[in-house]
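In the two complexes that follow, subunit A is the common piece, with subunit B as its partner first and subunit C second.
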Partner chain A sequence: MTSAFKLSRRVLLQGSAALGATTLLAGLPFGSAQAKDIAVGFIYVGPRDDFGYNQAHAQGAAALKKLGGFKVLEEENVPETVAVEKTMESMINLDGAALVFPTSFGYYNPHMVKLAKKYDKVRFLHCGGLWSDKDPANAGSYFGYIDEAQYLSGIVAGYTSKTGKLGFIAAKPIPQVLRNINAFTLGARLANPNVTTQVIFTGDWSMPVKEAEATNGLINQGVDVVTCHVDSPKVIAETAEKRGIMVCGYHVDQSKLAPKGYLTGAEWNWEALYPKLAKSAQGGEKIPNLVRGGLKEGVVKTSAYGPLVEEKARKHADDIKAKLTAGSYVIFKGPIKDNKGGTVIAAGTDRGQTDIELEKMNYLVEGVLGAIA
Partner chain B sequence: MVVIGGEGALVLGGLAASAIAMTMPSAAPLVVQIAMAVAAMIAGAAWIALAGGLRHWRGVNETISSLLLVYIAIAVFNHLVEGLLRDPASLNKPSTPNIGDANMLGTIPGTDIHWGLAYGIIACVLAYILIYRTTFGFGMRVAGGNVKAARMVGLPVGRLVLVACGLAGASAGLAGMVEVAAVHGKANASLIVGYGYTGILVAFLARHNPLAIIPVAIQLGGIGASGGLLQRRLGLPDATVLVLQGLIFIAILTSEVLYGRLPWLKRRPA
Partner chain C sequence: MSGDLLGWWGVPLAVLAGAIRVSTPFLFVSLGECITEKSGRINLGLEGTLVMGAMSGYAVSYLSGSPWLGVLAAGCAGAVFGILHALICSLPRVNDIAVGIALMLFGIGLAFFLGKPFIQPQAPNLPSIPFGWWSENAQVRDALRVNALFIIGVILAPFLLWAFRNTRWGLILRTVGDSADAALALGYAINRVRMFATASGGFLAGVGGSFLSLSYPGSWSEGLSSGQGITAVALVIFARWNPMLCFWASLLFGGAAALGPALQSVGITQGYYLFNAAPYMLTLLIMILTCSRDRTLAGAPGELGVTR
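Up next is the complex of A and B:
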């Protein structure tokens, strides 16, 4: 076979012209910043406008941008593979990032740890709370006790539900998620001891079709308040609103998606934390290796109450919120039984927020309908 | 014959590789790596051979069955990673135990590219030799193109189909092993990111020629890698990468249709 095309001079010229144009384009000063600004990179595992986990982080980045003095770099849909290493290196080498926020849990090990060792002048702050003293000193990890806000959602849901059946759509039966399900149920049973929470695990963080099916299935069983722990609560909130039931939000405020049925929600408050962490990096302060906090530290917050929340529910929730904010309330306070009848926290034992045992949670409390395995 | 279930063979290959590494904590790194590669290839080969077997003995369309098998493979993978093979210390991201730093494949000296690139190039060259330079490969091409014609000339169609599927699955399984041994050090949900599906696009754009896969794969990888800068410098959404890939796809499809029908696309006499 001979070549079907021959390169004519005209084609060659056209090609070089195109090449020249591309070079010119690359030379333009896109997104240039003033020399003094420090560059801060944010990496998201999903779309930044997902009404959920990633949007919460993007709102934090937006707050930093508004502050001024920082050049904010963002990348979305970066998988937890070698791709995130390349993204971090590119932010550091091409854009001079001095501080990087890889915001997904799976970015930490091996990816971020590896890069933190390689670039020891750059600060790495990861969302997930995983740092241990074996990890590099220029790395850090932060997380929030969002189960406090879930507990408050539970109280509101317990008062507002008419059927006494709540629904929880969860991604995976891992400690973080179980803690939210349990806190939500404990809160609801504080309001009404007969309430049950039916839990459905979808198996992954972003499964919109399964999440919609689960919501519909729960509603068909008589559930009249749903909440969730998945990356994007969007379809759950929309389905609940369409079917005329109530919903408690997660990650960010979803009241726009369900103006009638939105009760309240457990939200991250990265808008407060990120400017704080970035300023401390700008000032050259020592990196905080492990940052954790709940309502008291302002790392999490709750959504404003929706129209269906009665005065009694507001009052009780506000009361507990004040105690949690003051740091004088314990959610996981014995005796607590699991849903198989065994005692998981003995009477007289208080498991405060910082208790390491809570991070190994492997049970569902009494009142939760469903199983882990 | 078109098999598109590489994703399933890849994740199971990665799982088999990390599972075998768990059983040999004190073996020499080279032994562990070879065992991982062999285990991954067997797992991948068995998985895609299933689709081949279904096609040969039950007449099930292999394109569809191999795609559906991906979902089963991912379910099996999740079940084992979150159950039997789970490292108890991996609390919030269920994973198999780490294979150990000594057993990692590492990077090609002088670059930050891991050895997976070499594996890929060698696999492409071997596949080219097998398909275009051996009698077996010729038989495979005939059986793949027209089963009736292949039967008529007395080719063992069943064996060819099974072996071809097995080899394809073994390659995907090996890719899973490389992901585990060069990047993650363990098997977890990070393996399920669609590399198997990207492989379909690469194979199509390379017009099923193993040697053409090398430049096409590098080109598609480059487009994927450019996504970060497109987002940061030009403020474009991440989907831009998909649009670029789609443009290439459409250009190839269009040129296929128009080839020889437009005056300036006429084949010139030799």
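Up next is the complex of A and C:
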């Protein structure tokens, strides 16, 4: 009996001390410490260390993990099928996820939209989709104007190329990809008006052998700077380095793969965006349904310049970067012609980044060698 | 610089170079499957073996610093998978095709699981032999930069053809594959022969995988194979179980895979989806042209699951 009494007294003391501490804390300005740990789920379409698209997202998830206060769940190699619904359901039901990031384009409709209707207390934030009023209010989509960073890569490539021939290895001719090709080419022609960009479409997001073939094919035609829009630029960067040409990166920093020939690169900055979005969910703020941003908002960034980039190129690119960051520069500024000779943006028309017309892009600008179909 | 460029001539050159570069994994897997199928068993699991070989080859090359040790490790990993297939198939009433599919999924899954730490690091690659030293042209020199594994494959194909026809081992293998009853009557241990055939088939497929990760494209990633193992298994049927035909068929597939990017790089950009589909259209075409009303699948081993 005595021992039981002692124990309960100790518990009582501990309890009251803890209670006192909590009240004290709650009274202080950082009262948000009351918000509990929330579980956040990330779903990747490929391996999370692919030196590309998925790694960029995983770096964002890692940044969130480091922040503390969040339980980060991850699942990789989830196909864009009903499989992603199962993954989301198990994250919600088994791990209590309050916020889910399905990061691949094909997850959006119907999969994520369907689950957002079913679990209206859970937040769904999708990368790349275009949220509209018809979609559930607890869903949202975010994306970055990475073409701004591609434009800067183009400027650097235009200055550095000796042959005046650039190469772009792309997966599929969808608007986001075309926008990158066009921005890259416009940037390069700013530096050198005679530059051309040869495009090769491989047909899918991850085709290592075909990407290597495409890189070799371009090099054999005299191309001396390549860049790409595929899920994992690893093979392209390594092949370019092996053959002694230059490369501009994409998605994440690939300078480690091509220490000699890496010029710069267009990178995502999910490390900055994800903690922001997760904190707003934790604080119970209204869901941002449509998030877009570029250099100005810190959603994209550029890699550090490589050793081959000359002072002139650095200066010009840095100058434009400063203007883009300030929001005072328009990339798609008329007159712009497509590569068949037709005018796609009339003189005097400025298509700023938020212009929805740009998300429907279906042309290649003058200077691009290639066709969409 | 422009004097260095071949322009249009770049296309046949690129197709040739592509045929040499891309065909090696096809060649090794199809030669391996050829041995296995000659013994009367189909190992559909070679896709998994290929991926497992690519992973283990890369891992061992990275850890030991020697790419050739990696090739050996890849072969051994492949042989282990082959032995596993043969062991399970030697049990009564087991279907070799079903076991193959199971092992394919197992091999891919295991390779992804074990290969996680090796995606980021860079392993030393296999050396290439510059056969184009005589040319001034950079493109020709690059096209003729041939990997040693390809040369081994080129020697292996006629050797296997000769061995199947002219050696005692070849005869035993063919007997077991064509009629298990006859082999039994002659006193051969059928399961042991098949075990050996499947293990060597797996070894070759593993080596083919190491080519992917150690030579071309030359790094380990999970999308590396994208179905090449399966294609190579089909290629054996397409090549009528003849190692030399396997060699030519592999070259054909390699060249066809290079056609799409090569044409786009010289500016033929219309209809690239069609060029990318070239290998598959080619298969269909040859299958239709070579099919016969009088006999089914000439050259097929009699004990093979598909022909029984």
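In this section, the second predicted complex is superposed on the first by the 336 of 373 C-alpha atoms of A that agree within 3 Å, B and C clash if a C-alpha of one lies under 4 Å from a C-alpha of the other, contacts with A are read in each partner's own complex, and residues count from 1 in each chain.
Everything that follows uses one rule, which is that a contact is a pair of C-beta atoms (placed from the backbone, for glycine too) under 8 Å apart; a residue touches a chain by one contact, two chains touch by 3 or more.
Keep in mind that what you see is a predicted model, and the values were worked out from it rather than measured.
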Simultaneous placement of subunit C and subunit B on subunit A, clash or fit: clash
Partner chain in contact with A:137 - subunit B first, subunit C second, else both or neither: neither
Contacts of A:214 with subunit B and subunit C, given as first, second, both or neither: second
Partner chain(s) touched by A:373 [first = subunit B, second = subunit C, both, neither]: both
Which superposed partner A:74 touches (first subunit B, second subunit C, both, neither): first
Subunit B versus subunit C as contact partner of A:326, first or second or both or neither: neither
Which superposed partner A:304 touches (first subunit B, second subunit C, both, neither): neither
Which of subunit B and subunit C A:174 touches, first, second, both or neither: first
Colliding stretch - subunit C into subunit B, listed as 8-16, 26-34, 62-70 or 98-106: 98-106
Doubly contacted subunit A residues - partners subunit C and subunit B: 47, 77, 203, 373
For the subunit B and subunit A complex, residues of the former touching the latter: 78, 82-83, 91-94, 112, 114, 179, 183-185, 188-190, 193, 224-225, 227-229, 231-235, 237-238, 267-268, 270
Subunit C-touching residues of subunit A, taken from the complex the two chains share: 46-47, 49-51, 77, 162-163, 167, 198-203, 206-214, 216-223, 231-232, 234-235, 238-239, 242-243, 257, 369-371, 373
Subunit B-touching residues of subunit A, taken from the complex the two chains share: 2, 4, 6, 30-31, 47, 73-83, 86-87, 89-91, 94-95, 105-106, 110, 128, 172-176, 203-204, 359-360, 373
Interface residues, subunit C side, partner subunit A - complex: 1-2, 4-6, 10, 13-14, 17-18, 21-22, 112, 116, 119-120, 122, 138-139, 142, 212, 216-219, 221-224, 226, 228, 257-258, 260-262, 264-267, 269-273, 276
